[in-house]
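What follows is one structure encoded as structure tokens, with my remarks underneath.
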Amino acid sequence: MKRIYVNEEYCIGCRLCEVHCLVQHSQSKKIIKAYKEEAPALMPRLVFEEDGPLSFAMPCRHCVDAPCLDACITGAMHRDHESEAVLCDEDKCVGCWMCVMACPYGAIQRSVIGHKAASKCDLCYGEEIPACVAHCPNEALTFEDRTPASEEAS
Amino acid sequence: MSLSLLPPEFKILRDEDRCIACQVCVRQCANDVHSYDPEDDWVNSDYSRCVGCHRCVTLCPTRALTVVENPLDFRPNANWSHQTITNLHKQAETGGVLLAGMGCDQPYPIYFDHLLLNASQVTNPSIDPLREPMELRTYIGRKPDRVAVTQDGDCISLETQVGPQLTLETPIMFSAMSYGSISYNACLSLARAAKEAGIVYNTGEGGLHPTLYEYGPNTIAQVASGRFGVHPEYLEVATALEIKIGQGAKPGIGGHLPGEKVSADVSRTRMIPEGTDALSPAPHHDIYSIEDLRQLIYALKEATNYQKPVGVKVAAVHNVAPIASGIARAGADYVAIVGLRGGTGAAPTSIRNNVGLPIELAIAAVDDRLRQEGIRNQVSLIAAGSIRSSADVVKAIALGADAVYIGTGALVAMGCHLCQKCYTGKCNWGIATQDPYLTKRLNPNIGSRRLTNLIRAWSLEIKEMLGGMGINAIESLRGNRDHLRGVGLNQVELDTLGVKGAGQA
Amino acid sequence: MRHVIIGNSAAAVGAIEAIRQHDTENGITVISDEPHHTYSRPLVCHLLGELVTEDQMAYRPADFYDRHQVETMLGVRATGLDTQARTVALAGGGSVAYDRLLIATGGKPFVPPTPGVDLEGVFTFTTWEDARDINRYIEDQEVGSAMVIGGGLIGMKAIKALTARSIPVTLVELADRILSISFDRTASKLSEGILRRAGTEIYTGTTAKEIVGKDGRVDHAILQDGSKIPCDLVIVAIGVRPNLDLILPEPEKKTGIRVNRGIIVDEHMRTSAADVYAAGDCVETHDLLLGASRPIAIWPHATRQGHVAGSNMADVEKTYQGGFPMNSVDVGGVPTISVGLTDPRENPEEYEIMEKYDRDALTYRRLVLHHNRMVGAICVGDIDRAGIYTGLIRERVDVRPFKEHLLSGSFGLISLPKEYRKHMVVGDGIVV
């Protein structure tokens, strides 16, 4: 399956990925409207990290063997059958934070709205290419399938 | 400390209805123009520091920004322009030499824009480049005085031994830009694009980074007066060598890379101490006559076993024609001539703007001179100094060049906006800088793709223009002044260019 | 061939999904004494607290059993196991034959022999039925206040539920501090402060020595020092033990299954009886940090163990290396996370402790290192990205190159050395 890969060599720390992730997950999906009317109840699903000139944005890895799937007590965290992405049903989530505790990448955050649900990358479910990848000005984020051919066969 | 008299050069206009305070502009400006005020949730711009590079404008996700020339009016004065006054203020404040980046920006006549190309109508019909083969391939190097062939039935084979040649799939090469004046990522982009497009790029006087040795077959290694980074492997790896006598942006003086740009990596590649200014002397201190030049040319040929073409690069100065003749007779395989508008990372403004000749006149003069002396075949001529479009390429070749070098054009393809602040080392596009925060901005995948696109686009346009002229090989265009007509030029200019006035058949 | 699973919770679901990944032919039968569609016991607290409705309790979608071709026998208790005949005896007669069996009977609450513990109004707090019973009691009776016996994780959940129902709580804890197993002293005291400020009364170093009733219902409790605490409802939240009722007494003699505190399994989740597997809260797990075997009753471990067991049951080899405790629990509205060995008692001098305590924001982070490897972490209040610590503990990473960054506000993957980042995300992560 295609995943988002980050090339820390080319991340310029502009954080446009966060801007577009936020807009993609807003109601209006329009950048000015989202920021002026819907914020601050919006948050990006990538976790951006920076240390001097080094920076990168880390989205959920949609792990083949996801610890968050084991940890989720409600079944809100589930794997989508078609895309194989790991998705969180935010209506079912009760905010127990077991997934936050389990994810070794720290890719899951507490949603800004009432800290009730877990918020994480959903590969822009339904879109052809995730918003962050489409808008990264330096192609630091790519959307690729790196499954070795041998794994795909099985 | 007294008041600075220097007004801002640019003014930033921010549409507050569109600004979402995402702070991308704050993060991306290397000159700290924009800043975020968390109390008011507002982005403020101190445009006195703006250099007009358009980084913020380009990255703003809502297109809320634009940059305009600071609309500060002086009383109209045909003699003392705004720029002249400001330069004087600057010198009064600093007591220093005014520095500039890129090429001469003064309104001297641009002869390319006064030359028009021919096209076929009725007789000598046009050729359709999409249907018929169109030869753009060019060989740079010494051509023999006569060619002997042997014929065996229908098979004709070449008997004469031809010296080493540089093969170009299209008559465009990337000009010399040193690692140090530009970033590693920029060098890598040039190297990859040169390989992809079947042309070459030039190391400039910064030496060659070991990781770029794999692009050797597309590399011209330059030997400049500072001899930076010159060692046996450097010469071996390249496909051609070039002795740099001068450059168009600053004829007569040497190169200067400020110490801030000499990082650990640059220092290793150039073989100089880290953090020291890299000064190339004006003359090569072992070249004081044409015989000395001949000696160096042959020393390089010996060192590389006569396998590679050795060229010489000079700036276009008043007696460039006899100089070129001397260089040809000294054994060089090509002469590269860079005109007044050639670019640089740093040069004194007075020299950049006032010294040299336009390349159009220089190439025409050199081509004529070499033909008159019957030695035109002994060297290839490369024209450089602000080749801005495929039309300029065609005109330069028609004036007598075998091929062109593009420098500024290549940088603009990679993202340069000609803000002319290269010497500060704060290039916001990641090109003319060694600052790790900034060099990341030029992704070599993107840079090389853009360069390859440029070469491809121009090559297609050249083919269109050639086809329109009824020519199917670039060779037929070389030095063929009859394909050009001058417009708005006086007789002296027309004579120097060797071109008739428009309207004359 | 028939797979039989006794149990219907995390381990069972993990096993079902693993079996069906590889084996769509053979039958699966689930036997559970609870009548419900698979649900999550940790959600029982939210159910009682009216934070979720009964409709929201299901752990998997309604068509889960159909889609996975599972035959269910819900509300049926398994009463005995014959490993020779390979049958499971059911209450009310009848039996089910198995080719492969998974015992996933989970845990059962520990009830102390306190006088009065069988009065009406005294409950354990483990199952859906418990929540229903307590809820009914609250609705039918006048519950002015409640007592929670046991200041551990279950106690915290009971307090959360009761507080959500606006019932004031008195907490009684035998140790000298609450959460004495998961937290260190500072985190415990911080938690006590949070709970007290939210209105919970706390008594530590004591327990209820008698629960006294009136008209057959709870009226008050008497602590060890004689103090009388009025309460209309008591929740016993002392702890959970592996539920071995199916094979006790003399399990090894009767069934050949070796048992310690929990069922002993190998790394394939096999018990000592042929074709009998066990997973979840009923087993003993290899504790990766202590190097010893003990029950670790944690939801993610149960799911994973069930998964491993199911895989092996379908003849696809998988191993389970072991685990360590990890808990995320809400204390008086403040999120807390504790992972691994948080307060080493044995040879404390071998451990290095790093702490960051913000008294104004009331956040606390504590890291326990052993020979420069992280073995434990506590986060109170500031739990963002705590999972990174979990990963470092699991991978036994040498933290020396970035030790000084571990507690900084900007600690993240970027603080880890490049080679480790690359190792951690090989194939799908950051490209370095």
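First chain written, first letter: the chains are A, B and C, and each begins at residue 1.
Please note the rule applied: a contact is a pair of C-beta atoms (placed from the backbone, for glycine too) under 8 Å apart; a residue touches a chain by one contact, two chains touch by 3 or more.
If you're wondering where the values come from, they're calculated on a predicted model, not measured in any experiment.
Enquirer: How would one label the connectivity among the chains shown: line, ring, star, complete, or other?
Expert: It is a line, because the chains touch in a row without closing up.
Enquirer: Where the centre means the average of the CA atoms, what chain is farthest from chain A?
Expert: For chain A, the chain whose C-alpha mean is farthest off is B.
Enquirer: Distance between chain A and chain C based on Cα centroids, please, to the nearest Å.
Expert: 28
Enquirer: Quick one: report the Å distance separating chain A from chain B, using the average Cα coordinate of each chain.
Expert: Spacing between the chain centres: roughly 44 Å.
Enquirer: How many angstrom between the C-alpha centroids of chain C and chain B?
Expert: Measuring from centre to centre gives 70 Å for this pair.
Enquirer: Two-or-more-chain contact residues of chain A, please, as numbers and ranges.
Expert: 9, in rising order.
Enquirer: So in the complex, the part of chain A that touches chain B is made up of which residues?
Expert: On the chain A side, the touching residues are 9-16, 19-20, 31-32, 35-36, 52-53, 135, 137-140.
Enquirer: List the residues on chain C that touch chain A in their complex, please.
Expert: On the chain C side, the touching residues are 14, 40, 42-43, 46, 51-52, 56, 58-61, 299-301, 303-304, 307, 326-328, 330, 335, 337, 339, 383-388, 390-392, 394-395, 410, 412-415, 424-425, 427-432.
Enquirer: Along chain B, where are the residues that touch chain A in the complex?
Expert: Contacts found on chain B: 17-18, 20-24, 27-28, 58-59, 61-62, 436-437, 440-441, 443, 445-446.
Enquirer: Quick one: which bits of chain A touch chain C in the complex? Just the residue numbers, please.
Expert: Spelled out, the residues of chain A in touch with chain C are 3, 5-9, 47, 49-51, 54-56, 58, 61-64, 67, 69-71, 73-75, 92, 94, 96-106, 108-110, 115, 146.
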